[in-house]
Amino acid sequence: MERPRHQGMAKNTYMRWRLPLVCLLWEVAMIVLFGVFVRVGPEADAHWEEEKQKMNLTSDIENDFYFRYPSFQDVHVMIFVGFGFLMTFLKRYGFGAVGFNFLLAAFGIQWALLMQGWFHSFKNGKILIGVENLINADFCVGSVCIAFGAILGKTSPIQLLVMTLFQVTLFAVNEYILLNLLHVKDAGGSMTIHTFGAYFGLTVTRILYRPNLEQCKDKQGSVYHSDLFAMIGTLYLWIYWPSFNSAISEHGDAQHRAAINTYCSLAACVLTTVAFSSMLQKKGKLDMVHIQNATLAGGVAVGTSAEMMLTPYGSLIVGFICGIVSTVGYVYLTPFLESRLHIQDTCGIHNLHAIPGLIGGIVGAITAAAATEDVYGKEGFIKAFDFTGAYQTRTPSIQGGFQAAGIVVSVLMGFAGGALVGPILKLPVWGDPATENCFEDDVYWEVRRPDKPASP
Amino acid sequence: MERPRHQGMAKNTYMRWRLPLVCLLWEVAMIVLFGVFVRVGPEADAHWEEEKQKMNLTSDIENDFYFRYPSFQDVHVMIFVGFGFLMTFLKRYGFGAVGFNFLLAAFGIQWALLMQGWFHSFKNGKILIGVENLINADFCVGSVCIAFGAILGKTSPIQLLVMTLFQVTLFAVNEYILLNLLHVKDAGGSMTIHTFGAYFGLTVTRILYRPNLEQCKDKQGSVYHSDLFAMIGTLYLWIYWPSFNSAISEHGDAQHRAAINTYCSLAACVLTTVAFSSMLQKKGKLDMVHIQNATLAGGVAVGTSAEMMLTPYGSLIVGFICGIVSTVGYVYLTPFLESRLHIQDTCGIHNLHAIPGLIGGIVGAITAAAATEDVYGKEGFIKAFDFTGAYQTRTPSIQGGFQAAGIVVSVLMGFAGGALVGPILKLPVWGDPATENCFEDDVYWEVRRPDKPASP
Amino acid sequence: MERPRHQGMAKNTYMRWRLPLVCLLWEVAMIVLFGVFVRVGPEADAHWEEEKQKMNLTSDIENDFYFRYPSFQDVHVMIFVGFGFLMTFLKRYGFGAVGFNFLLAAFGIQWALLMQGWFHSFKNGKILIGVENLINADFCVGSVCIAFGAILGKTSPIQLLVMTLFQVTLFAVNEYILLNLLHVKDAGGSMTIHTFGAYFGLTVTRILYRPNLEQCKDKQGSVYHSDLFAMIGTLYLWIYWPSFNSAISEHGDAQHRAAINTYCSLAACVLTTVAFSSMLQKKGKLDMVHIQNATLAGGVAVGTSAEMMLTPYGSLIVGFICGIVSTVGYVYLTPFLESRLHIQDTCGIHNLHAIPGLIGGIVGAITAAAATEDVYGKEGFIKAFDFTGAYQTRTPSIQGGFQAAGIVVSVLMGFAGGALVGPILKLPVWGDPATENCFEDDVYWEVRRPDKPASP
């Protein structure tokens, strides 16, 4: 090694027994809980032939698998390749970015299947899962990936697993409050995924504040090829975001509409991001950080409303605004948060998820409040907002109010959750890196340097 | 910086006010035009429940979304990741390749939705869009990405946006002439996308000829990892090309057949590309440029005929020929075009899109002319060529003639369009780079060099 | 060049006439054979309209294309991007990894369409192909990609084509024995693809043993960015594996269930891989080799049973075990195989495909043997194991026995096939590299070094 390293001196980052123990114990717990609770649902059960007759279906194509599986796979790519590679922009933290994201997401989806299952798919003592549960588990983990963005490079894999355990739990609670108690619509998760995930992550990183982090300023940067790797993440997130926002919408027009609106919002967002990236820099040059991140804000910001009758031009307006807001955030807000509020937000999730998530919640509330039977059609109106049963008497403006309440709840849950989990992560037992070793893969990974032979 | 740079001396490449202005104004224009004209179509509208009854559909699965959305996403990947990364082969132009492609495509799809909408989906003063429009917009932008390949590294982002504005417009006109006036089949766009796009781009690059470009010879090359990034683009284009050629074919057998034929053609093309890449080099070694590009020619060349009864072996023959023609083009034709005709074709689109596009048009004309009721079945024959209404009396040989006319029109529109747009791009107001700064990201991008710390 | 190279001295690696000859002749052979034998099947034929009426189908959505095309494209990505990039981990063999994989797979799918067609889709003298054939061809080629992993970096492209020719043939025979004669279930190919492919490849690499390969130890390693490229391969394989295992399962519940079970198994596998990667290393650091490979073992190991009623927790258990077994294999078994048995397994396919494949076969046999009408339902039971016609009287325990026989047959066919093909590949006419030039792209590729200008 070209210079002496201090890991394990200032801090004990030795993972050999701790990490395996956590992974193995938790996985055993998953197996036990799955054994007790989880079974495949009727559409994935070999009794499906009989079920089909009961449901009066004439063809296998009516199986939900064919409505949602392609979208599921797109979402799956977003979580593992999209988020994973987006965070590889750091010059020396590519393994951690893509590898820890892989680890926490693989654990998180299992725990999310259970947590969300207990709340939403629990029947006769069993959680019955199908493709929609897989999508929802990916969604839930998406909020953890977002929070990971704030603390990227500053935590150990054990801390990430601990955070995932808690955050998935709180996600499920928050989601239950919004979807079931408040009866709020949030198919693409502006509130449940982005707002909650971002404020959770920002609170955690505030609590884990490291005073001398600027000594790693150099390592917080990118190199040419790490920026290209990150663009793989960006583009897959951007391309598949229409699948994300439409993945769990109602069959038919709602899925179709959500995809179109998201496509439009994202397209507009790219242009305003480029505009402001150039405008806010003295030399007028474009900054890869903005292109990699702010171009995605348009997808976040129609997460609630994309399945509503937002209209394509409405989507363009939302995308237009979010490209600007997000880019401005990267230039002015991130340094401000760091210097004044001691919020060290490695990936700038405040600009990509928190603010666009809030905007998304607000746009959703307004769009819901503005809904009319005329625009949606009589049946479409009821179907779009699920104004049935106990909610038969809800009016659009009341729905708008509840949507707004959903934003507030998500923000508060984010803060409260972060405030709860942050101190736990601060315990000196999880093997977090010393500040001088932040953003450095070789604390937790066997790294073969490009300029050295593989074996000494 | 290791050596003095002259950007901004020979040429003013300062983008700070010009680029933001263009992006913002045009995006505002999009919003206004979308506001006036664009709405979601019946299959994405909340009135779908009523529509379903009118159309006598029993299930949501009959929504076009489920027929085309997976193909749409594949095409979307091709445009943004495929074309974007294919062009990252240049050692110092990765940001420009993937970033400018992102920018022009994001603008282009919006403008294409409008232009194609006015021609094809205009009803009662509104453009009604659905998933098929999204695919067509991506297709249209594909032709711009192709043209971008010819001028890669030699233009400013504003020039690219200006080119996109015009090219999308002309694409829509050409497409209207072919599909509506000539009633030509071209589902995968051999003529409308590849032939038109390539001759447009070649004409533009001819007009933008730079006499001393050989001084950048070094920067026009690749490095090891930039070639691997480019292979990401190649492989996604290759893998998803069956989706591209089948994306807007008729439901059922036509989509199925188009995918199979394209798969076959592409497979054959790889083998002849490898054969000729080795054969045409003294040392017999393979050249990444050929593998990255010529392997795709087989997809281009069945763009018209893949949905016809080309047969799998017919597809193999087309792929076989195109792998050879394209590789030979890279070795002999590109240098010839550059030295004799002053056509500086950075990515060699002449070999990948122009010639294979022409071949594709011809193969389509022959396949159409050779069609019989016996091979297609009575109903299938009428459905395949849409010989209904005013076209009821068309015979295959007449159709073949019209197909051939479509090739000629596309070539001429490409030339004429390029001849119109080239001089506009040559105006000294768009901030194009000086010749010594071509193929260099740091003219328009904040670049952190791998061998330097991120911040000085 | 920084040091003298000896290629072409010790061995003649000059490909100029040999490689083109093989590629062209074989492609011509494909064209002839396709011309004689291959046509599109009824669902891709223009007679489909009439066929639909015969089959009493009311909608085009019943075309198999819509049931399987999205899964097909996922599998296609796995073969070309997944396997291709997984093998780019070698610092100087990225072109060979991704390029030769491309070449052999492009040839292999054509030959597989024929071979599998003769065995399974041959009617009235013609092979009728549809989307399921395309998937099966990709599957077949998958087994060749696996074998390629064992000999990666040590063979010429001609050797690979020769191996592909034979291996595809033997694959089809083995598959026919298992699926038709033994009437075994193996939708995700634990036996037919992984076990067969791996033992075939291991036998071949044993026969091609190179005594002094440790002199290339340095080049057998990775560099930082080559490990990130490999992670692209890993993640796409991991993400799309549920599509792989469900792609050719029966419509409806079987596809749905196979995807869910695979998803679960893979998730569990990641955690135990991480656990053992850290545990087996003195410094407790994670090793990218394990993360890149062992995380996938869970997909391999449910290849037979995923479409059965394995249950989600059963899948977790399988994944749990395989992550451990595979990682332990990388640490202890690979060096042992190399030093004691002279099996030089570049990618460690023994740990990723051979052992998990065997486990997959065994899990499948047990799951089949344990099947009851109660768990599957009366109709589901018959459908799941195809206990119709001649197999009406099979009981689960008998089926379990046949499944076990399928494992043995696959292992033996792998050994026998490798023993047959290995010596053929050893003939001194195929242009394999000298040992000192192994794992080095510039034997077969034009390579521009990162530290040198593109042109001298």
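In order of appearance the chains are A, B and C, and numbering begins at 1 in each one.
Going forward, a contact is a pair of C-beta atoms (placed from the backbone, for glycine too) under 8 Å apart; a residue touches a chain by one contact, two chains touch by 3 or more.
It should be emphasised that the depicted structure is a prediction, and the values quoted were computed from it without experimental measurement.
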Across the interface between the identical copies chain B and chain C, with over half of residue numbers shared counting as same and under half as different, the residues used are different
Rotation angle superposing chain A onto its copy chain B by C-alpha atoms, nearest 5 degrees: 120
Determine the centre-to-centre distance between chain B and chain C, using the mean Cα coordinates as centres, and give it in whole Å. 32
Residues of chain A that touch two or more other chains: which are they? 61, 66, 70, 225, 232
Flag every residue of chain B that touches chain A in the complex, lowest number first. 14-17, 19-21, 23-24, 26-28, 30-31, 34-35, 38-40, 43-50, 52, 59-61, 63-66, 69-70, 73, 76-77, 80-81, 84-85, 88, 94-95, 98-99, 102-103, 106-107, 109-110, 113, 129-131, 134, 157, 225, 229, 232, 442, 444-450, 453-455
Show me the residue ranges of chain C that touch chain A in the complex, using the header's touch definition. 61-62, 66-67, 70-71, 74, 91, 217-218, 220-225, 227-228, 231-232, 235-236, 238-240, 242-243, 251-257, 259-261, 263-264, 266-272, 274-276, 278-279, 281-288, 291, 295, 309, 311-313, 316-317, 320, 375-377, 379-381, 383-384
